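The same subunit A turns up in both complexes below, where it pairs with subunit B and then with subunit C.
Our next item is the complex of A and B:
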């Protein structure tokens, strides 16, 4: 019979193998810990956006504007939403609010749902059906958009809902497929600028001439890009009419 | 037809063929090539999802067993022979993917300042 030690898991470790096994085990465990820390440390900060369920259901009244995706200029606010705010609207999941809001363009409406908030950006996820959005009595007019000129910006195209807190992380390459599905579903797309523009870091985006977002933009979602477009202020929300043929993917 | 539609259509066709193979194999073929399965039916629905996905392998194995050309010992030889190469290769691949991902990762262009290319249009 051979004298060569043969390791079996349920017996005591042969003396000759103890050092090697201890060293290999320590290297594996330590290496896994270091690798895990390094990968985690390399990830971007997911930000502080979140569904504000702690605020409870928010019900506000205001004027609907199609940009072409719907926003509400709040006239009668709630405890957490001030009058004068401009709210982006979405449905549940990856559904936009356009089907319900299309008939209310320029009219007073009551919106009810859960607020999503991240810094200066906020969005209301509407309740289902007419409970979420319905025509309301009262007087109100859509604030006239203020033209801010033609701008070249650098940053990232995201979907407004995940960015505002529906997902963490709600931006970046790992979130690209989700962002594209949200945008295709009608969730308002948002551009995160590298530096504030007219005091704002987040801009809602549309296609050229404030048309619906063209499909050509889908390929640029979640990448760091620069692009040009016409900028305007709608209420307290900046809207950037991005021109797809000016998009450059940055290194 | 877009790329996504082609992928979905290809997957649909693949799964429908798999469904046909599942009906034939579980209905008739299995008892022909495995005498232990003859008369046993309760477990067969559990195999449907797998057959939907790997039906070409099922057809190939079914054919070899039916023709009596299967060599069971041969089947285990190649996997054993490449265990070490695969272990080293996959370990290196994981490292390569991590490093490659880090290399092609974009940098947030924090220094890129917004530029106003033209002033707002003044309405008369």
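Our next item is the complex of A and C:
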């Protein structure tokens, strides 16, 4: 032991310790600023998906197709949505549109709500109740799906809504639980392919033979995986009937 | 001799300490939160809720790392002891910051769903069998619960109520909590980030915490073990040679029951007391005698070295030990006296003093 200054909290701080304490304080404050900046600055780009509130409410008419989750092939567009577009549909929050769309398969309907957009991916978040989706007059038929063959793809399973911009970022492992909740709630799941497929990066996914996705896929959501399935084009939307047994988690 | 005694209550150092804590925390958040998307090269901003969750989460992790570095640093260099002084406030603030992180996550990722958000936080991801995609939220919840328990029992009331050994044991929960936090980050945020800065910072801080603990443990091992020369009479344990003693300071030795004794030299007389402070088990033998009283290096509790009692009006008591001199060797009776038992100090004979 030496004659080192001895610190007692309630007594005056020894002069020799003052310098050390000043230094430590400066280090802590400086460290807080540096770390705050470094970590804050190291955030990945969350993508350009967004709710397009700036477009205002969009109301369109078209044919509903259940894949089994509902999409609308637009026949009469709006300012921002062209005729011929295929829209994925969702309710508010993590609620799908299936309960309202189930009775409208293959029929004309009017959909109204706010658009979510990210690149080529479009989703309409419907207003509540019949204001959001109701049967409409007019003629229209579901465009015949075009079979594009069996594909093995690498990429990530996401929920279509957060990915399209309901959350930024709306993918990745941090967001995994949220994506599971969305998919459980009936939001259409989407596959983000690492390589463009038929010119597109995003595909809507279903279970084999257009069945609902089985629960087994929840273990693979938000991971980098490869899987196989039958690919088809529905309107301008690619739909991939993913076979859960073929899922492999990639490093 | 005048006895001026103030317990661990609010004082200037504490105010400064807390001001520093709050300033550091606010600065971290104030630098992190307002970074505009252009500065980060993003087309659109990250959701404010997610930015908040990230900022508060990262802040809590950094704070927890610093808290855990203080202990071993203070053992390695006693100039760091002032940081230990008010560490409990540091812990409580960290708990609040972590709670804010959880609040933003819960009300964003787990909200808007038909499933209740509290239930969803446990049920949305149940892939416990895999490392990638592991429900890292559960690790965070565990750590947060630990922090809440520690913050809730941080007051001296609980220390008294539970007793120092139990209280200390409970507060060891901080280690599993920290391990869970590191896992929470490693399996969560770090898995979905392409920019690796945060990964490096996480590795640096967590390895720093582990490394400092290792270094402090190694140092404690390397310090000479007085039991190396055990006395033939097994009833008494040898502590040191009288030449090792210095006026106002102690020599510490471990007794067969695992407890430590601190042997002080005060006004030319030898006395032995328990090394564990009645407050939070602080190492009394690493303190020194100030104004005739042994003063704990952690929060400054004081004891009369001859009877293990705090000066009136305080009532803390610690066990004392009987001491004797065998030639120039200092020995203690390893059976502790009940706390507060007076023991006559043993004068150093002129011959024995060097």
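Convention: the second predicted complex is superposed on the first by the 207 of 251 C-alpha atoms of A that agree within 3 Å, B and C clash if a C-alpha of one lies under 4 Å from a C-alpha of the other, contacts with A are read in each partner's own complex, and residues count from 1 in each chain.
Heads up, the rule we're going with is that a contact is a pair of C-beta atoms (placed from the backbone, for glycine too) under 8 Å apart; a residue touches a chain by one contact, two chains touch by 3 or more.
All values reported here derive from a predicted model rather than from experimental measurement.
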- request: Using the superposition on chain A described above, determine whether A:223 touches subunit B (first), subunit C (second), both, or neither.
  value: both
- request: Have a look and say if subunit B or subunit C is in touch with more residues of subunit A.
  value: C
Query: Once the shared chain is lined up, is A:148 touching subunit B (first), subunit C (second), both, or neither of them?
result: first
- prompt: Of the two partner chains, subunit B (first) and subunit C (second), which one does A:184 touch, if any: first, second, both, or neither?
  reply: second
- request: Please indicate which partner A:50 is in contact with in the superposed arrangement: first for subunit B, second for subunit C, both, or neither.
  value: second
Query: Should A:41 be classified as contacting the first partner (subunit B), the second (subunit C), both, or neither?
result: second
- request: Could you give the residue numbers on subunit A that contact subunit B in one complex and subunit C in the other?
  value: 39, 42, 44, 173, 223, 249
Query: Mind pulling up the subunit C residues that touch subunit A in the complex?
result: 6-9, 11, 13-14, 20, 23-25, 27-33, 35, 39-47, 50-51, 54-55, 58-59, 62, 66, 78-83, 85-86, 108-115, 120-121, 124-127, 130, 132-133, 135-137, 187-189, 191-198, 201, 246, 249, 287-288, 290, 295, 297, 299-300
Task: Could you please specify the touching residues of subunit A with respect to subunit B in the complex?
output: 39, 42, 44, 146-155, 173, 193-197, 223-224, 226, 228, 249-251
Message: Touching residues of subunit A toward subunit C in the complex: what are they?
response: 1, 4-11, 13, 17, 20-21, 24-25, 28-29, 31-33, 35-50, 92-95, 167-169, 171-178, 180-182, 184-185, 218-223, 249
For the subunit B and subunit A complex, residues of the former touching the latter: 98, 102, 105-121
